[in-house]
Amino acid sequence: MAASPRITVWNEYRHELQDAHIGAIYPEGIHGAIAAGLREQGLTVRTATLDEPEHGLTEAVLDETDVLTWWGHKSHAEVDDAIVERVKQRVLNGMGLVVLHSGHFSKIFTSLMGTTCNLKWREGGDKERLWVVAPGHPITEGIGEYIELAEEEMYGEQFDIPAPDTLVFVSWFTGGEVFRSGCCYARGQGKVFYFRPGHETLPTYHNKEIQRVIANGCRWAAPIPNSATRNFGNRKPLEPLPARG
Amino acid sequence: MAASPRITVWNEYRHELQDAHIGAIYPEGIHGAIAAGLREQGLTVRTATLDEPEHGLTEAVLDETDVLTWWGHKSHAEVDDAIVERVKQRVLNGMGLVVLHSGHFSKIFTSLMGTTCNLKWREGGDKERLWVVAPGHPITEGIGEYIELAEEEMYGEQFDIPAPDTLVFVSWFTGGEVFRSGCCYARGQGKVFYFRPGHETLPTYHNKEIQRVIANGCRWAAPIPNSATRNFGNRKPLEPLPARG
Amino acid sequence: MAASPRITVWNEYRHELQDAHIGAIYPEGIHGAIAAGLREQGLTVRTATLDEPEHGLTEAVLDETDVLTWWGHKSHAEVDDAIVERVKQRVLNGMGLVVLHSGHFSKIFTSLMGTTCNLKWREGGDKERLWVVAPGHPITEGIGEYIELAEEEMYGEQFDIPAPDTLVFVSWFTGGEVFRSGCCYARGQGKVFYFRPGHETLPTYHNKEIQRVIANGCRWAAPIPNSATRNFGNRKPLEPLPARG
Amino acid sequence: MAASPRITVWNEYRHELQDAHIGAIYPEGIHGAIAAGLREQGLTVRTATLDEPEHGLTEAVLDETDVLTWWGHKSHAEVDDAIVERVKQRVLNGMGLVVLHSGHFSKIFTSLMGTTCNLKWREGGDKERLWVVAPGHPITEGIGEYIELAEEEMYGEQFDIPAPDTLVFVSWFTGGEVFRSGCCYARGQGKVFYFRPGHETLPTYHNKEIQRVIANGCRWAAPIPNSATRNFGNRKPLEPLPARG
């Protein structure tokens, strides 16, 4: 994998500007907190947000992006379909994608999954404990048996996703629910990691273990250099075919 | 599963009307041949085609459909997006879907897979041998170690699909290629089976083993009665949450 | 699948005879309670126990067994290796296996899994809620979104098993743990279902939903009739090989 | 992952000493050829063989081994069960294992798989073409769409293994068979990669692409540093349980 994958941290960046409480938790935006955490982990990071031209995801930016992280919540519908399609083709051609929390309902994630990605949810009062169920997976590097978050929004099953290629974390919530919280997928030549925590009203992205998992996810999702260009279409035989009558 | 699942066999039904050679192979249409094979296997079958109103896939028809089979080729783009969405929601809510051959590029299949579903192909001169790699799977009932087709269109890897939940068949072709020919997926409460053979210029759907696999696929994909309605959205806790300060 | 699969319910049958409290919960033995539940579900059932000759698993009994269910706990080591090997070969050749609760440590399960199948556990005071994460799977037929058990022994991750082919249930426990509670595997031509609940000091096997899941598991694991005999070893080519110099 | 994983290349090392033809192809032994290839790829390599004390796999050697590669063929039965168990525990605790060709029948591989690992085979005259079906997987780094081997022993389906967690290569053979040739598994904290080619009478391990795949497999299978120690057994609750009456 690339020695230091180049990460673009994408954020809707509306809650922080419109709600003083959220703005106080994330004064540099959710993207700022995520980017700071990834930089501490040694990754090369830039950010992009919804209200930039082309949502900050120009071809030039994507040319220099190995892995894209995605946080969105209330404005999924405002993401331009053409940009979604652009990102999707990049993923299928090898760019990694790390989808965070409420990004489960983003156009890019639902389009790559083929399902609604719907779930149960509840704000307020739940503790979350994310249990590792795939020990030895690179995304768990440096993480103990579980990560505990004193408060998080609850997401509960049934989570309407395809069965993950690898299930890495399963969450426990105080209120009685469970959730598949860390899910790995291959799509085309690209890799997709969905990671559950990160509600905008809580300081989750300042948590060092959460930052570590996101960094691990970016490293895991980084493209493999020199892997084969995918060839499709009409092809000559590689072995002789019988003569036809 | 339902004692006798009700199958709707969908066909684009253009090649057979426009090309005399193909029409001679499938005088009742490809759908007619598939339907006849399924009826011999004891299934309850109706058909629907592209040029019927709503492509023959009205809500009333889908209300009486446990499993939909899909054959299309050159007119995928003419399938109305609203009908595709209607079918997709049915699948996610439990209706089975069996996608055949060139249906790999249909809107419904690519939408449920989230990838391009592209592949290599070649017409003329290849033998195909479909090897069972999941013995004991219900879709292999009554099938030996492999199915041999004297001539078929070649489809070759890389096949741009998500890794199947279960890989049932792998094909060998004379010209040197292999292909994942029988692929099972769960999507929402529904099940999807992709089965490769069935080029329009060849009598593949008159083959008894191919008919058997399609029938098995329909039985496997049939909805499970009395399974839970999926509930999403904001939920009260099932266990007491701590009082908040 | 067989119209009515023939089930053999195997039980260690020691706790019930040695501990009056347990004997009072299961006066006909744990096997008796499981068998009664399966008969109510319309299955054909016999039982077998550790202290019978050949543990009740003679070749003649296995000849008439489509699916074997397994409950053991404190006497795994007393199960004869030759009988374990006999059962294993049957599974690889198509017999279904449903492994219950503390059967996770049985010789037959660990041998088929290839891992230690170790886990965390705690007796006393936990509620268990088994959430369906694979809606539409035949093992969930007739089951709602979750099954709640007022008290059960806790089993917690990390559960040292291979990733299931299909994960059907995930459990929540009061004390803060989660567990992959319903796990499907294919092994050879056989199918294996591990289902977590069923501690000997609790009336779990009298619960109608638990009985339903075990019955569903037996139907799912039943062998497919007329599926191909597996052929191995030295084989002649199916296509001409080039002449050798 | 470790900057440079330390590899131990294990070989039965009998054919090369007993058969002049084979000895001429592998004058330094099959292990010598594999080790040379891995060193060219920048890995740290030692070797071990069957006839060394403890088969060369002492605790001290395994303490310094991140990944073990395994080639054996006619003397699987001579591998001491205690050494197999020692290696198995190492794998479950994180050591990588790369199993090559006829190693499919080794005690260590069959023990980790839980199946017979039987297959079809034929010597003489087949070309093999290994197609990549998981583009983007780290094991395919630097490999094109397929690897072609002018001659190899044929291995054909049905290959009696659990469905791989990830299927990376599928082979085509001249004589009409296919085979799942590159198979990834997680077992405990360890990773296992089975890679098919490598018959003793052919110079396969001198092939640069084959060497590359084995090196990639070793890097993929290397243990993750600082991952959680697995804890099992009786556990106190992490959350308060209700008082018991």
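Going in written order, the chains are labelled A, B, C and D, and every chain counts its residues from 1.
Here is the rule we go by: a residue touches a chain if its C-beta (ideal position, glycine included) is under 8 Å from a C-beta of that chain, and two chains touch if they have at least 3 such contacts.
Keep in mind that this is a model prediction, so the values were computed, not measured.
Enquirer: With centres defined as the mean of C-alpha atoms, identify the chain lying farthest from subunit C.
Expert: The most distant chain relative to subunit C turns out to be A.
Enquirer: Consider the two chain pairs B-D and A-B; indicate the one with the greater count of contacting C-beta pairs.
Expert: A-B
Enquirer: Centroid from C-alpha atoms only, then distance subunit B to subunit D, rounded to Å. What do you get?
Expert: Result: the chain centres lie 36 Å from each other.
Enquirer: Would you mind pulling out the distance in Å between where the CA atoms of subunit A average out and where those of subunit B do?
Expert: Result: the chain centres lie 30 Å from each other.
Enquirer: Show the residues in subunit D shared as contacts by 2 or more other chains, in ascending order.
Expert: Expected reply: 129, 132, 134-135, 145, 156, 158, 163, 165-166, 174, 176-177, 186, 188, 230-231, 238-239.
Enquirer: Note which residues of subunit B are touching subunit A in the complex, please.
Expert: 92, 111-116, 118-122, 124-126, 154, 156, 158, 160, 162-163, 165, 174-177, 185-188, 228, 230-239, 241-242, 244
Enquirer: What residues on subunit D touch subunit A, complex-wise?
Expert: Listed in rising order, the residues of subunit D that touch subunit A are 1, 94, 127, 129, 132, 134-138, 140-145, 165-166, 174, 186, 188-191, 223-228, 230-231, 238-239.
Enquirer: Taking the touch rule as given, give the residues of subunit B at its contact with subunit D in the complex, in rising order.
Expert: Residues 129, 131-135, 145, 156-159, 163, 166-167, 170-173, 176-178, 180 of subunit B touch subunit D in their complex.
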